[in-house]
Every structure is written in C-alpha cells, then in structure tokens.
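So that we are looking at the same thing, I have put the structure below in structure tokens.
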C-alpha cells in the first residue's frame, strides 16, 4: 500500500441498489475513514441467500490487496441471537453476521483473530433492530480500515466456533464425482462445485462426461475457450474464471436453454486412458 | 475531515445504470475536483418521481459527513422555468432542481444559504436542454466540493421560497393517525409516513392496530426484530431503519403478497391502557 | 490533475452487476494503483454487443479528465485470436479487445500510440481463457494509471490496423439523410445516428420530417425542451445530450409506445425555405 493510502473497503450485500441502504452505509463509513476507496462486490445476492453470498465472496477476496476490509451483510437472522463478528483471516479482514457467510474464507485461510462485536464504542449511537449493516457492520469496518485492532472491537471467539455452512460439496467416488451447480452467473453459465484443481488433467483425458440425471442430459464436449469452433446449440464444459468446472452455451444462456438452476445435481465421469 | 481530503459527493438520480449518464456526471466532477469520493445513493428513483426522490434523500443525508455535497437530479421540468439551486442546509450542501426534491431536508434543517445557479462560469461551456445533470448540476456540485462559496454560484434566494411538496402526511386525530404508505423498499417492506418518534410507546401499548380500509385488512402483530418467532404467512408491524412504522412479512415481499403499493391509505389506532 | 492524484479509471463492460466480476477487476486494479478513483460508465451493455459498447463509450469519454484510463470489456471473442490492445488517443487511454469497441474514439481522436498487450509482466501470473477483464485488461489499465508507458506493455501496432466497426451510419443524399436508430436509452428515448452538428439549422427550417418507413410513421414536431407544451401522446424530435437527433415522447417510453428498437431505419427530410 502506498504511504498514507487507506485500505479499500469492499461491500457485499443482498440490499439491491434501488434503496439508499448501500449509499447510507458508505456515508457512515466515509465519516469514520475519509478518503477510503469503496468497491462493490455485489448488492444483488438473492435476498437472505447466505450460501450464494458465501460463494460470491469466496471467489473474489483473493484478488484484493492485503489489508482490505470486506463488509458483508446477508442476514436473515438480523436482530436474533446470531453473533456479529470481525475476522482477520489470511491477509484480509471480514465483518458481518456469523451465519456461514465466511464459509469459504474460513475453509481456505488461517484465522489470525476473530471477535464478537460487543464494544458499542465502535457502533452508531443507536443500533436499530433491522439495519445493522448501517449501525454496526459499517462503522466497525471503517474503524478497522482506519487502523483499529480487532481486539478493541469486542471479545475474542475461537476460530473453530465460527459458523460454517452445511454444503453438499463434491463427493469423490472411485469412478466419479458427485456434485452440484453452485452458482449461475449473469450470462447464464452454470458453475459446478467441482474445482479444476481436483482434475488438473481434465483437458487431457480421452473421455469426460457430465451427467445431469434429472434432465436426462449428458455433456461431453470440452472447450478451453469460448470462441472455439463448435455447435452453438450444444452445451459444453469449460473452466470458469472462478476455478470451477462449468457449463456454457455459446451466445446464449445455458441456464435458460437447459432450464437448470442452482442446486441441480451433476455427476462427472471420465476415462483417463 | 482529514487534512487534505475532499468532501464526498453523493448522487441521487432517476437515470438508471444502463446508460452512461451517471458515469459522465462523475467524469465531469472528477475533472473539477480530482480525488473526490463518489457515493451513489441510488439511480433507480422511478422516472420523474420527485416525491420518491425526496423520501430517499430525506432518510439518508444525516448519515453523511459534514460538508458532503448531494447532487440530485429527478427533474420532470428540465428545460422549463423551474430554478436550478444550491442549498446549504444543516451541515450539508444540496444541488439540483427546485422542484420539491429537497422537501424533507428543508423541513428538518436550518437553511444557511440558497442560490439560483445563474453564474455560467461554473457550468459546462454549453448547457444542453436535456441533460443539466451533466452540464450544470455536476460542475456546480464539484465546485462546491472544491471549496467555492455558494454566493459565487448565483443570486441568493430566500429559504422560504424554495419549493416544498404537497404531501398528504400523517394526520393526528384524537383517537387515530391517518397516514399512507410512503415507500416500498427492495425487500417489499411497506414504509408508512408515521414516524416512530410520534409514538415512542408503540411497543408498550396493550393494543395497536393498523387498518388498510381499501384492502379490508387489519394488522395487529408488532415485532421488534425480523427474526422474532411468529407466523411467516402473517404481516406484522415494525420500526423501519428509516425511523418510520412499516409493514413486513418474514421471508417474503409484503408489497407483493398483500398487493399494496405507495400511496395506500392506512389508519393507526391503539389502546394505551 | 492535482499533485499526487492518480488519474481516474473508468470501466465499461457487459458483465452486469449481479456477479463479482466488476468488483474483482477493481480489487486487482486497486492492488496495483491504490487510491485510484473508479468510475463505472456502465456494466449493462447487452451481452457481447460490441457496437452498443462503442456508442456508449463514444458519447462519454470526452467528459473525462485528460489522462483517464478506460478499461472496456465487451468481448465475444475472448480467448480467440483477436488482439488485446492499449491505445493512447486524444487525451485519454483505452484498454480492451481490438474488436471495434474503440470505433468512435478512433474516428474522432488522433492516435498517439497503440500496442498489443504481449508483455506478461503486466498481466496477472495466470491469464484465464474466460476472464481477461480480470487477468489482463485490469492490471494493464492500472499500470497505465500508475504511470507506465504504453511501449512497456507490448509491441506497437499501427493505428490504421486497429479494428473499426462496419456501421450503416448516416448517408447524406441531396434531399434527405438516411440513417438509423443507434441507441435506446433508459427512458425509452430513441437516439438516431444523425448528428445535430450536421444540421445546425435544424430548429430554424420551416419543415422537418423524420420518416420511419417500416412503421408508416412520420414525426414532424420539434422541441428544444422536454418541458415544452405539446401533446403528450405524440412523439417529437429533440437534440439528445449525446449530440444526436432523437425521438421522445413526454412522460413515457417512445421505444415501447412506438415499438421501435435499435437498428430501425429512419429518413430525415426538410424544407429550408
């Protein structure tokens, strides 16, 4: 980081962009940490869909500078007994509800410190029952960006008590991988939970087939590039920029054409000789 | 504000985010006030809906640092005889058409100065008939952020001549409050015009009922928290983060489920012993 | 530019705002050029619609400060043989695929330098086949903002080899102009390819008619201001803020009311005495 530059604050919510919620959060933060660069990851997480939020955060945070603060609010339990937390994991800081939103971060990064946000000195004077993004998570995130230490913000919690999601995840069997569609992007590409890193020889095997039993569909074409020659009407497999095996159709939405959404079960089989 | 940090410029428009309108406004402003932090309040005000814009601004501005500049463009009368104004009210600056967009700010804050934007030295060289957001309001807003005094920008206008909206507003009768739905948020929550500050004992009264005569609907459940136990199929009353009494249904859109929109008449009755 | 202020980076893509694509690009850039101001031109270009992207960029870039960097990704050929380029044209820098996206910039500005992005030292360590916005265009754009010279980024290409679009464009005949609708904005206004600069006397001629043969429609009313008196049910001609002759209806979407979209043929005729 350049001398004197505040770290960036990245935001991820399910608040949408129609209301003033996100703007108000930035107003609160800029009062505490003037000159901060705000980066919107997205505010279009489907309402209260914690696992979609976890996936979108999990495939993004690595690209941010060390010291960046992620203020994340997808929070069906706002006002309930779930904790509000701040976590220092890997090179980054994460602030939000302890409801599984940090699942992938916790799975992938060492946790250096984690606290419950129990110190009201770092919250707005009144914390509403319905908008803790404004009243609690934003001021805490801005105080971290402004240099406060996590231990000032509340009482430490052990890393292994932080909430994880109960995700189906890919299951490796001797002759196949059973997995599911974990994300559908803006272009209608269907991203599975099968990491390319599990199958580094994916493009070299003589035969690969992705079965979608409920749709009685088998996809066997693999492409390294979207622009590869091929039949535009046929779905194909590629490695998504998130690092996972995915299904696309060129120049159209695979999700819409194949009528497939998040959660669809998929099975990958292959012959490697 | 930190030494050397420009104040933030917040934007509120009905321009949407598909076109380049908002980006161009920021381009114009960053030329005049480089390094400024831009904060989007929203660009999704329904086209030309001045009172929706006024509400969204009115529930947001207080959270911004002193000295922030709000550039606001919801302007059905662009090119007509309505004035273009800049207002210093409370701790903030507001720039936009004088058409009621600043209704709540004017109702809530003392006006220190207000001017008509008649000095072309602070506009773009050519002011188009259709995009004063770019040609007039943006450069003026950026010049204020860069430190210009309001009186350089044009001729003073008296605060009480600034345009207010003719809003129904809540009417307090001896035994009830007659009001309406003033905003529907992204989650489908229905925010009424009844301020919680009018009814600080709202949660303590033995009985509270919100009547929606046109829908033959009576809502009597009150919740402090969204996550409170209760029947998900039933609408309930809560205090919205904007400070107003509102109607929600848990895990669904009350607006869609109840088929209620902005302007719907509501009557609040109660028994306080 | 103020001493010590980084130039702004403007972004234009067809990535939408639901996914984390745009946020990740900014994460990558803020790591290389901390403190940069990011300005979103739009991320809602229709998927892979290069000519819409070119138009939106072409009507925006002039309003940005000298030295601004435009990172533009509308890229149906990602992973194919189209080149990735950086261009210094007029007072600005442009980074993206060489597929026609810079058509209007190249038509309007002198090119001082242009390079193919062949130097991997300025890319992310791994360049994916599907997200060059993140892996290639973002780091290159940030390095330019941070002061790198274009010639460090790759091998020079001659300006006249850069890809232009094959646009119909307006055709001036002795007694008419044949043109088309080149853009439909958020309000449903229909912007034609006829520049007002071609017809500076547009408002002074006794008669002007815009014919839409396929719709058997003739529009002859001209308005300088949207707020001019007139029949709200009738379409009229005005000069759009982009500088082109356009069709609007007051308080409604001309595109929807007239069922007209991009590409619709129009013919302008006039009598100038």
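Here the chain labels run A, B and C in written order, and each chain numbers its own residues starting at 1.
Just so it is clear, a residue touches a chain if its C-beta (ideal position, glycine included) is under 8 Å from a C-beta of that chain, and two chains touch if they have at least 3 such contacts.
If you're wondering where the values come from, they're calculated on a predicted model, not measured in any experiment.
If you draw each protein chain as a dot and join the dots that touch, every dot ends up joined to every other dot.
A rotation of 120 degrees, rounded to the nearest 5, superposes the Cα atoms of chain A on chain C. Rounded to a whole number, the gap between the C-alpha centres of chain B and chain C is 31 angstrom. Residue positions 17, 35, 37 of chain A are each in touch with at least two other chains. The touching residues of chain B, counted against chain A in their complex, run 1-2, 5, 8, 10, 12, 17, 35, 37, 39-44, 56-57, 59-60, 63-65, 68, 185-187, 224-228, 238-241, 251.
Of all residues in chain C, only 15-24, 26-28, 30-31, 34-38, 47-48, 76-80, 128-131, 134-135 touch chain A in the complex they form.
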